[in-house]
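Please read through the structure below; I'll follow up with questions.
To keep things simple, chains are lettered A, B, C, D, E, F, G and H as they appear, and every chain counts its residues starting from 1.
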Amino acid sequence: MKTKMKNSIRAEASLGFANVDLQRLERQGVPEVVYGAGKTAEQIAAILSSLRDAGQSPVLVTRLDAEKAAAVASVAGPDFTYLPEGRLGRLGEPRKPNGIGPIAVVSGGTSDQPVAEEAALTAETLGNEVVRIYDVGVAGLHRLLSRVDALRSASVVIAVAGMEGALASVVGGLVAAPVIAVPTSVGYGAAFDGLAALLSMLNSCSAGVSVVNIDNGFGAGFLASRINHMGGAR
Amino acid sequence: MKTKMKNSIRAEASLGFANVDLQRLERQGVPEVVYGAGKTAEQIAAILSSLRDAGQSPVLVTRLDAEKAAAVASVAGPDFTYLPEGRLGRLGEPRKPNGIGPIAVVSGGTSDQPVAEEAALTAETLGNEVVRIYDVGVAGLHRLLSRVDALRSASVVIAVAGMEGALASVVGGLVAAPVIAVPTSVGYGAAFDGLAALLSMLNSCSAGVSVVNIDNGFGAGFLASRINHMGGAR
Amino acid sequence: MKTKMKNSIRAEASLGFANVDLQRLERQGVPEVVYGAGKTAEQIAAILSSLRDAGQSPVLVTRLDAEKAAAVASVAGPDFTYLPEGRLGRLGEPRKPNGIGPIAVVSGGTSDQPVAEEAALTAETLGNEVVRIYDVGVAGLHRLLSRVDALRSASVVIAVAGMEGALASVVGGLVAAPVIAVPTSVGYGAAFDGLAALLSMLNSCSAGVSVVNIDNGFGAGFLASRINHMGGAR
Amino acid sequence: MKTKMKNSIRAEASLGFANVDLQRLERQGVPEVVYGAGKTAEQIAAILSSLRDAGQSPVLVTRLDAEKAAAVASVAGPDFTYLPEGRLGRLGEPRKPNGIGPIAVVSGGTSDQPVAEEAALTAETLGNEVVRIYDVGVAGLHRLLSRVDALRSASVVIAVAGMEGALASVVGGLVAAPVIAVPTSVGYGAAFDGLAALLSMLNSCSAGVSVVNIDNGFGAGFLASRINHMGGAR
Amino acid sequence: MKTKMKNSIRAEASLGFANVDLQRLERQGVPEVVYGAGKTAEQIAAILSSLRDAGQSPVLVTRLDAEKAAAVASVAGPDFTYLPEGRLGRLGEPRKPNGIGPIAVVSGGTSDQPVAEEAALTAETLGNEVVRIYDVGVAGLHRLLSRVDALRSASVVIAVAGMEGALASVVGGLVAAPVIAVPTSVGYGAAFDGLAALLSMLNSCSAGVSVVNIDNGFGAGFLASRINHMGGAR
Amino acid sequence: MKTKMKNSIRAEASLGFANVDLQRLERQGVPEVVYGAGKTAEQIAAILSSLRDAGQSPVLVTRLDAEKAAAVASVAGPDFTYLPEGRLGRLGEPRKPNGIGPIAVVSGGTSDQPVAEEAALTAETLGNEVVRIYDVGVAGLHRLLSRVDALRSASVVIAVAGMEGALASVVGGLVAAPVIAVPTSVGYGAAFDGLAALLSMLNSCSAGVSVVNIDNGFGAGFLASRINHMGGAR
Amino acid sequence: MKTKMKNSIRAEASLGFANVDLQRLERQGVPEVVYGAGKTAEQIAAILSSLRDAGQSPVLVTRLDAEKAAAVASVAGPDFTYLPEGRLGRLGEPRKPNGIGPIAVVSGGTSDQPVAEEAALTAETLGNEVVRIYDVGVAGLHRLLSRVDALRSASVVIAVAGMEGALASVVGGLVAAPVIAVPTSVGYGAAFDGLAALLSMLNSCSAGVSVVNIDNGFGAGFLASRINHMGGAR
Amino acid sequence: MKTKMKNSIRAEASLGFANVDLQRLERQGVPEVVYGAGKTAEQIAAILSSLRDAGQSPVLVTRLDAEKAAAVASVAGPDFTYLPEGRLGRLGEPRKPNGIGPIAVVSGGTSDQPVAEEAALTAETLGNEVVRIYDVGVAGLHRLLSRVDALRSASVVIAVAGMEGALASVVGGLVAAPVIAVPTSVGYGAAFDGLAALLSMLNSCSAGVSVVNIDNGFGAGFLASRINHMGGAR
């Protein structure tokens, strides 16, 4: 089972509670991302430290609430920034925008904003210009249609919506760019914490739409950035 | 438990296997409708006969396949008609259109047509003019938008769609009329036989939308007719 | 994709976090309704302000708890009223009743009252007389049957019930008016937060019944009002 | 783990593919019942033979289609009878009615009849008088209310219904006898093969109602008989 | 829709928020039971007061926590008792045991005790002797088998279990009495809040078992009492 | 609601049963794709004819079985080809490969092949070189690892797997290209017709993975092609 | 990513449609098992041929129906045997029993036999003595208790049951050996094709029980064999 | 129903609220384990006391939080130890490692650690050497592959993972030892509290894998120990 992976850098950093994947930057172009939920501030700070020591930047911490972020910040040093709109922590500076074009982040309603921002800030951190088109749900279609030009000038579109998630299909029918749909847990009753929007998006009648997990703004922003750097040097 | 219901007509016809509700016409303005699935042709014919004897017309038989319909027709007499597009049988003549305005039946795709026709033919039978706007799914939004005038001139709108069912929300945002959404079992995989469309429609971000059972074109047509005769003599 | 929508009024108000749909009143006869959950008091107040500036009234805010309502009230001005029974905020005065007839709101039990009130107060705000028939669940059928006259004099009926939701079918069989069924999350165990009542209502054996989302009293009241103004000037 | 069970009769008959429980009659008052689905006609005949040899009667075979029944009959002898309405086979004669009172079997619609008959025929076989009250679904409530006397004179009531299963709650509110609810798989779409009726019945707001499996007419008839022989010699 | 129900007593007491069913005692042998969840202490006290005024006793209040019970007690008077083991309130004295025989309440584990007690105390209140056989789950089968005599001397058995709910089937195979199975929400993970036990009990391979809602100890106790008074004066 | 969409070509072709979206090629770079399930051969042929008349090519028909394909072929003319491995029909010639790089289609097992081929043939039709890496499920990991070079040289990866769908996460961790995961309905029991694989892929711990509907090979191939032509002339 | 796996044998055989894992025997002690569903007879025969060429034996083919087995047999040669009771094909001779002790396969009912046999024949093929204890469901507990000695002398127990799956918990409480539970799809209604038994077994209150997929007799037999050869030469 | 179970020791200790199974040690080699959730500290202490009196050791208490553990410790005496990493209490000393080989506990991520520790500490308590291989999820496969030697030297492997649970299949393909898969509730959205990982593991394409309940680290550790003592004196 010998593989062609280069071994020129240290493969991982063992912290006892975690094995930090130090090859991730080389292998995938982006350092390991830290899933902040279910880790203590101390654990997060230690992981960030090991990544900084390995020269990896920028590093994102997802699902980080304000209180834990403050604790991380107190030990992580001045190159750590908290981005409350997207519940993200960031070690190091965002990359300069060098993608094929802008990424459009479209959202259905005001309540979807935290997820939309997680997507937008992730994409910005990874070197993309982002155009935000928020609160343009299909109940008032003219709001979306009046922004068709902005939408069509994007190289990738992220569609964020809860409730019935119809936005993804409508957007998918309007553009020629890849559309990444993010169902959110916004809604109540038969929304079943995002299940309705998830199923809706998976069954989109528009081609060119794929879906990530409920509330996974990070995953959408990460994938959009990857697509937006297609054809370039990786 | 004495109630004010009038008892001037015979309340029911007992056929052994069925108790036909002969008060339905007086009580609700429309004779009892026969659910054709799970009944034999003989049973259906006997029920129709008892309703005809009681002077009730027009009577609809739903979910009636062509083979069973032929068997019913052979005994039910010349006033029985089979409407294959909507899998409906009808005893007697349709009522003359006397509703507030036309009812629009909008469908997402060609595969939704049997359900859409069940709705349309039901509404026509019960005295409504019907405007059919088919195959206008949101993947090609201009097809729907070019028909906004027709849509807005309807007094009630029935939106029929499978897959992600986004049509209901988009239509709901464009009109001021009541919208009855009918999820269909069209689709595959995570459509889960209509569940995706059902949940989508229940969570519509557009106000003024209500939902009937999956593939229940009859129910939508019946309710649309009821709404379209509001304020008139019942 | 040119459409016939009039553009005589400003289409929307962009607040950064929200794009208020100012065409809604013209397009649908009722101003945009504010979904209060997941918005801050400041956001709600700003949206109300932009709607007031555009001369739109009355405006409803749904799913508004008492604490947030107080914060909204402190900035929204004297024309803002909080209706705690239905967790609703209202900007401006309710319209005068001018519908076809009264709307009956029927509920199964005392625990369904908040949802029933959300429906009733919404309908009253939008210009309808409302008759409340509460706590008439089918376990003691005589309570419902003794009110059949009131039920039958309504032009639209809203049936609100949790647990098994049988009320919708029973009511649906008694009246000739459109019935809007609202499943509630009242119950425990296999009620699954309203799923049992939802499925029950979707499968109602009574024709003329349609369903809105679990606990969606607002949606039922809104639709009932729309139906109750059929045929009139919109 | 010594127990007080009597061992005066042979405990079981080992047929290789089956271990027939010969103690069942002594232990529970009724011989083992044969679940016909998934067994060959030969296996069923062999089990019947071993039960006949042990002097146990009457024996029921459930979920037996006509073709398999004919094959069983050809080898099982003249004391085997097939009851097609309930898809039941019976070895031996039914017991004479000796219960506390009649058992009422109430059904919602014509399509529920096979399940209702499975219940009724089971109860008759086990020594009960049965009153059939069929096709009295709540969409036409007067059909049920006009039979309240018959319903109230029953010592046990079995309520059989598909779709939304509201019949169980309504019946439960009218009688003082134990009510056994049987959801059926009649319906389509969001009926989900009986799930809607099952959940509805489990959440009945009427006390005194319990539930058996979807389409389990046998189980309801068996339990009703057991209850109807309370206090007597077992 | 005239029925034979006697009207000799007042049918209901209208309290505004509630319509108390005063016919329940006559119609079903037991006064209306008050579902305590989702009602305020004031509402509960008012309902109890109206039932006391109508001479109905004993009255049970279910799902009543200690704090609310104290508030009810302070206004309800000395004939109100709180039974914390079963989260039950009781107005009036329990009836004297006059059933056919004892009711056995069997539970799987210590955590099932609150539900088991709700069943046991309900049955005792309604005039039954109760034998408690607790913590005899099937993982240590000898604990149950050593109590087979007590189990078999009961006229009705209530089987209370969470997790996989196997107790109901095992008990069902050992006795000739009717078995009422109560799934509980005890467990974690794939127990899905009682769903696993519920499905298990509905599919019991033992005949004579029926099921009530998850955690519905009251319903089981009520039904057991009804069965245990079969054949007597109601 | 005026939009900037060009109207230089005819927007749609109305066939009665269908409104063919003739703008699709201009708007999205690929002509409308025909969903073959639920349409008759005649309907498909008519749609193909209208697209050919509008000069649109190549056109794909999905979910087309061999029998219906033969009927279509008999009327559709010599430029119609049936591709049985992927249940696809194609009108016109495939485009010449002009994407950024090859697209890798990876599958877990032999039974996933029809879905994998649907993806591969779709991508080839739309102008992409495709590398097939089949039957490399994670139960024998060396089979996948020995192909890491081929995998890493792809510009987009499509991962097709049923059962537990682990392939998507493993592949996602090995490459820097966008990964489109396609759950298949291969499996039995708790695979629940693809639900297990779907949920697994949605929760992938590898970043850069998005998901399409169960068995939606077409959607994956279409999206992969779109991504593989990023940055070029559309 | 260099690993210590030996590479002394050819790692796989590429057949185009399949990559046969030739390392499986060395790596896991048993050759690759062929999942027969969804493969043609030709594909199966080719895979068997490549495994025979590599000297691997015995090889199992699962989920093989009789018709396909006959086709395989006609080309696979005399060392291929079909075992219809377990729907298994086998290439080569079964291994001689050399496990720690016998494996007991316990089943709830006659309908579970195909799954039980799949488990038993798999275990026998892989070198284990098997004791079959069939049709000992918990509805007649004495049938199981009378076989406790046989059960306790087994080194591993496989418990196969459908419906409520209670057998696994009861067996789990009686033995000190590892118990592998196999839910089957036997049952109807709320059995939901094995879901009820699956959930029941996952929530077993008996320790020492683990679960495989619904109807996965092969998996249970394979794992039981692996456990039964613990401590020996692998 | 006489069985061969020895009765040489007292079968159980009745504490009123609990019947402690004192035969468990003799019957299954390990004393009864106390499920700590849903019991008070007093109840737990009393059960521990009765087990200590019966000379049984070591005894585990699962799902014990720190606060309740402190209360137990204050009365349980010096031989009670709390193990916070696994939320376990232990009465008595762990057994000396005497299994066939080491047990490997492998986990996907840092958040899975509490469940992994519950498994590891349980196994250690019951006399097994444990090798911990944590945070080796498949997104960075080299972390797992670099530990293949340790993994392959284990006699039993426990694979603990949330999200998509792919770890179980990958590990299952690498080793010849029995693999016990533990899905965890780690994740969000479509992880549905562990359902995604559970289904994934049940459908593992690797043979030799069985599954326990979500988050059931105890069950996995217990079963692994049982397997690891195969062939020894029980």
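In the analysis below, a contact is a pair of C-beta atoms (placed from the backbone, for glycine too) under 8 Å apart; a residue touches a chain by one contact, two chains touch by 3 or more.
Just so you know, these numbers come straight off a predicted model, no measurement behind them.
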item: Centroid comparison with chain C (C-alpha atoms), farthest chain; value: G
item: E-H or D-E - the one linked by more C-beta pairs in contact; value: D-E
item: Rounded Å distance between chain B and chain F, as computed from the means of their C-alpha atoms; value: 36
item: Centre-of-Cα separation between chain F and chain E, whole angstrom; value: 57
item: Euclidean distance of C-alpha centroids - chain A vs chain B, Å; value: 45
item: Residues of chain E engaged with two or more neighbouring chains; value: 1, 3, 5, 109, 139-142, 145-146, 174, 189-191, 195, 198, 202-203, 207, 213
item: Chain H-touching residues of chain A, taken from the complex the two chains share; value: 1, 5, 11-12, 17-19, 21, 23-24, 32, 35, 37-39, 43, 63, 183, 185, 193-195, 198, 213-216
item: Chain B partner contacts - residues on chain D that touch it in the complex; value: 109-111, 113, 134-136, 139-140, 142-143, 145-146, 186, 188-191
item: Chain H contact footprint on chain G (complex, rising order); value: 1, 3-5, 27-30, 33, 100, 141-142, 145-146, 148-149, 155, 174-178, 180, 198, 202-203, 207-213, 218-220, 222-223, 226-228, 230-231, 234
item: Interface residues, chain A side, partner chain B - complex; value: 108-109, 137-141, 163-166, 168-170, 172-174, 187, 189-192, 195-197, 199-207
